[in-house]
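Paired with subunit B in one complex and with subunit C in the other, subunit A is shared by the two complexes that follow.
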Partner chain A sequence: MELVEAIILSVLAASTPLLIAATGELVTERSGVLNLGVEGMMIVGAACGFGGAWLTGSIFIGALFGIVAGTLMSLIFALMALGLAVNQVATGLALTILGIGLSGLIGAGFVGERLTPAAHLSIPGLTDIPLVGRVLFGEDAFVYFSIALIIAVWWFLYRTRAGLILRACGDNHVSAHALGYPVLRIRTLAVMFGGACAGLAGAYLPLAYTPFFIPGMTAGRGWIALALVVFASWRPGRLVVGAYLFGAVTILQLHAQGWGVGVPSQFMSALPYLATVIVLVLLSRARTGGSTAPAALGTVFVPDR
Partner chain B sequence: MLDPTPNGLHSGEAPLLQTVGLTKRYGDFLANDCIDIDVWPKEIHALLGENGAGKSTLVKAIYGLIQPSAGEIRWQGAPIVLSGPSEARSRGIGMVFQHFSLFDNLTVAENVALGLDGKESFKDMSARLEQVSKTYGLPLDPRREVWQLSVGERQRIEIVRALMQDPKFLILDEPTAVLTPQEADQLFVVLERLKAEGRAILYISHKLEEVKRLCDTATILRGGKKIQTCNPRLETAASLARMMVGGEIKEVKSAPGRQTTIPRLVVNDLSLAPDEAHGVRLEHISFELKGGEILGIAGVAGNGQDELFAALSGERLSKDPGTVVIEGIAAGHLSITRRRKLGAAFVPEERLGHGTAPRMKLSENALLTGHAASGMVNHGFIDTAATLKTVDKATETFDVRKAKRDPEAASLSGGNLQKFIVGREILRNPAVLVVSQPTWGVDAGAAAVIRQALLDLATAGAAVLVTSQDLDELTEIADRIAVMFHGRLSEPLATRDATRERLGLLMGGSSLEPKEAAHAVGA
Partner chain C sequence: MQLVLEKRAERSNTIALVSPLIAIGLTIVTMTILFAILGKNPLLALHAYFIAPLTDGYSLQEIAVKATPLVMIAIGLSLCYLANAWNIGAEGQFLIGAVAGSWIAVKTQGTDAGAWVLPAMLLVAAAAGAVYALIPAICKVKFGASEILTSLMLVYVADLLLDYLVRGPWRDPNGFNFPTTAEFDPVATVPLLIEGGRLHLGSIIALLVVAAAAILLGRTIKGFEIRVVGAAPRAARFGGFNANQLVILTFAVSGALAGLAGIIEVAGPVGHLQPGISPGYGFTAIIVAFLGRLNPLGILIAGLFLALTFIGGEQAQIAMKIPLDVTKVFQGILLFYVLACDSLILYRFKLVFPNRQVARGAG
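On to the complex of A and B.
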């Protein structure tokens, strides 16, 4: 019982940064922009988030620092890829390289420092229910926020006019422009949202996951978030499935290795990737036609005036 | 509502829409030079001109998509400045685009919603959409996604979307370019009705017969300038064409007594699955093309013409070699280069990116298709002199106009680049030439040169296959015409039997009476 509860808790904790970062990237890509700089925005968010919290003593302000840092990073991308119409793939990769270096510089003074991690919810009575109590009523604020975020994004994309316009920009920017929509402005906002999410996802790591900062602590999570968006075929519902599945298999294979399952550890380490890819590919087989990716994804748009 | 007096004079009042000295400059280039037009209510006003004459620039300015460099637009007599299309729409100016401004992966209703200002709920909008589409006889299913729809249905979305804003002034940019003759007739009924309701229509076209039939007034543009405003019903197609082109167009002549020889291109029961999400499946295509003969393939775009071209050129291979026979040799499994060595040559529809590499020089582009069989490569090294000679020869023979001897392909105008591409292939003396949309987007002078070249090539004994959406072009040069629909190819009709009505039926997917089809085979 104790173990099952502990596993579920660690699964949620491992999945949350992936879910937040991937949600942001999903919105960015739905607007037609491919920002490969998620890893870079996350790691800068982690460094600034830790710094903010360490200087002020507030986890909340730390999280805000992370969001602002991710947004500023994404604005560099927006300036290059949207304002100057530079190749998006190259810009995104450059952003990641910049982010890794920058985070080392910002975080150099914080290495070795420790924080009190983000508080967990505690409702007397409810949180003490065996097995589900701590899972449902004893998480930190980031976990609840990530769930609210993906629901809000789903609602925005499919139930609001602004969401429809954003999807339209991702499908065909020439048409959207011809109908009078400000494609570049909409995309800039979407890129900024993606940056804010990546920054928050990065800040989650030193503020709640492990209460200290080390350089390179995102450890490829930004890339996994990018891959999740693709394998979820740009749909919020599947993104949740993918993010939690990835987190679950990551934790379970660690436990399995601990129990001494007679499978090479390299194979076990690869399991989360394999399982996520297989499940999401099976999910996306259902669609019979049309393109799953936003049709204008990654293409440069220069309006003629 | 204003009423124009019957004799075409308008009593004292202002036109619905006027442009006064409208000028649009891109760098040194004047896309529109001081253009004045007046459009009145209850008028269908044609805007005529060749590609590059400035029609699209003018309507983009009227729709608020671009800002004029000088001059003004007057709406009901008062000058207006349009900040963007949404302002134009709110004033009552609607537009139906030539290249549809639709979103393939969104539903019909979502597409329509994007063209409106979003003041009503999605549900109310959907209900109104069904009502408008019923009222005007333009049936649409709001829940389907656009990629599932035919070209004609897509245009209906555009028209319904424009009509839902109840526009006083509607711009249509070459609406019939992609329609079958029957679909075009249905469109004309809708337009006549809109006119009767007191709306004004600005109708861009270069189909002169259509303009004479439909339009009350025509303004002709050439090289960015207004040439004249006239009553098209009092003009002849030839006089309108003269105003558009600014001179006589050379008539295309077929040499008398052209002989057909042996079959040079034979396609036997060719079926091919599509290789992309929106592609068309080719089903049981068979035809035989003899030397000295031109076979035309008509059909609305997107019915498998691109896929057929890819299968003939070798861009897509067939498992069964016997499906494509070139010069008596089974070639269905052979690569493009091997097919070229058998004497085949190919001119794809897309000039930049498919027919040529845009940023490469003409001589390099000559090499790209000529390397296999034209002696431009010597022991693996490029014979630069030979590639340049090909460019010079194509330039001379086909009157390719360019700024220097060997410019980049992208720097040529559409017509001149097409003359170069067709010339490059013809200079190889092909036994079989497969050409797709030879004069699409090409000015009338260049089109005449290209058509004449195709006829001359057939006279010299080659087999020529021409795919085109321009029925006039096919009836002008082809000996027989077949129609593609949903990946199937009809029996070819002899051109003298291929009336617009028959071709239109085939293009819409109906089959001809068995008797007629049998008659056609014998031709």
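On to the complex of A and C.
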């Protein structure tokens, strides 16, 4: 029982950054923009988040630093890909390269420092319930926030007029423009939301997951978040399933190493990456009938006047 | 009043030529500001980055050595990008090439194997790189899986495989437990061009690759197909060009070149297989390809320029304690400016006055 609870807890912890980053990217992509810079925004969010918390002693302010850093990074992307109509794939790559360099520069002063990680909820009576107590009532604020966030995004996309307009921009920017919607402004906001989420997801790593900052600590999670959006067919509900599945794969390989499974640790560590490739292939194959991607995803739009 | 983009009637050739230079100029201005923020004298820092490495023979050779893998990988990537196939996993193909070639070096170590060892290593490395690049290409063509994500995921897998081999089966028994193979035998080493220098045969191979790419793109039907499929997919379909086949071909060629670059790096300047053989060559090569305007000669120049930033970055770290990460920031900013300036080849800025626009629309 103890072990099952421990595994569920660690799966939730490993899934949360994936879920937050992928939620942001899902909104960005539903507006028709492919921002491949998630990894770069995350790692800068991690460095700034740790820096903010270390300087002020507050996890909350650290998280805010991460959000602001991610948003600023995404504004560079918006300026290039939306303002200057530059190829979105190339711009996203540039953002990741820049982000890795910047995070090293920002985080250099904090390497080796430790923080008290984010506090976990504790409700006497409820948190002590065996098996489910700590899972439901003993998480840190990030975990609860990530779930609230994806519900809010679902509600926004499918139950509000603004969400409908955002999806319209992603499916047909020419029509949305003709109807008088400010396509580029809507997309800029969607990109900023994606950046804020990526920054927060990055900040989660040194603030709650491991209480210290190391360069490159995102270790491809930004790219896995991108793959998760494809896995989820751009739908919030499936995104939750995907994020927890991937979190489970990550934890499985950690535990398998602990149990001394007779496979070299490097092969187990490669599992999440291989799983991503396999899932992408299987899903893309199952979907040959028609794509579920936003129709205008990744295409350049320059308003015609 | 508002600043908006407007499509040019035709692409501007003037801007196409000067845009890399504008981009480099803007990057240097930005770096000057960054150095000032870091509290370093910008003029001294710029001198350490861009001038000092050009003033002594050792550094000049070192620039050519660093440019060798960058140029080879970037040439392959440029073929992919011209055909609109997004291989961003060259780093993984580089590592797999290094691993596959090292396999022969490790297996023949201490035997009296002859001069065939090095050519065999180069061949096996190129083949392994090509096969590794074919995984995302085939997933793309057969199943429609995004080649961007799959090729990138395979970088992490290649990195872990290399790590396993040098910590496990291939570890040098006399290596004090360091994760490295033993030094390669002389027959498994890329020969130096100048005795006692740094310049090696790989640089000549890189030049041959540049020449071959220039001929392929400028003088052959295949090169024409690659450019048309990327630039005008509809026209290419009417012309009967097979876009899928070109994705496979360009991925295979770029994987082979990255693999070749990998083994040349290991059997040349490094001399043995170990983790961290690449300071991100596969990713920097993406910048080289774009800075060189996806043109072979341009890539050669861009590769030398980015190699200069690697060497300059190391010297600036030693001389002025400027963090090595500044080089990566520099490279990222440079790619942004290159892409932004490229936008002006197709578009121009225009000032619009919204009120007047409305009046015209109403009337």
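Here, the second predicted complex is superposed on the first by the 272 of 305 C-alpha atoms of A that agree within 3 Å, B and C clash if a C-alpha of one lies under 4 Å from a C-alpha of the other, contacts with A are read in each partner's own complex, and residues count from 1 in each chain.
Note that in this section a residue touches a chain if its C-beta (ideal position, glycine included) is under 8 Å from a C-beta of that chain, and two chains touch if they have at least 3 such contacts.
Small disclaimer: the values here were computed from a predicted structure and weren't measured.
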Considering only touches as defined above, state whether A:141 meets subunit B (first), subunit C (second), both or neither.
neither
Is A:230 touching anything from subunit B or subunit C once the two structures are fitted on A? First, second, both or neither.
second
State whether A:61 touches subunit B only (first), subunit C only (second), both chains, or neither.
neither
In the superposed model, does subunit B or subunit C contact more residues of subunit A?
C
Counting contacts the way the document defines them, which residues of subunit A are shared by the two interfaces, the one with subunit B and the one with subunit C?
305
Of subunit A, residues touching subunit C in the complex
36, 76, 80, 83-87, 89-91, 93-95, 97-102, 104-105, 108, 215, 219-220, 223, 226-227, 230, 264, 266-267, 269-270, 273-274, 276-277, 280-285, 287-288, 302-303, 305
How about subunit C: which of its residues touch subunit A in the complex?
4-7, 86, 88, 135, 139, 142-146, 148-150, 152-154, 156-157, 160-161, 163-164, 167-168, 283, 286-287, 290, 323-333, 335-336, 339-340, 342-343, 346-347, 352, 357
Subunit B-touching residues of subunit A, taken from the complex the two chains share
161, 164-165, 167-168, 171-172, 174-176, 178-181, 289-291, 294-295, 304-305
Can you name the residues of subunit B that touch subunit A in the complex?
64-67, 84-86, 89, 97, 99-106, 110, 113-115, 118, 122, 145, 147-148, 277-278
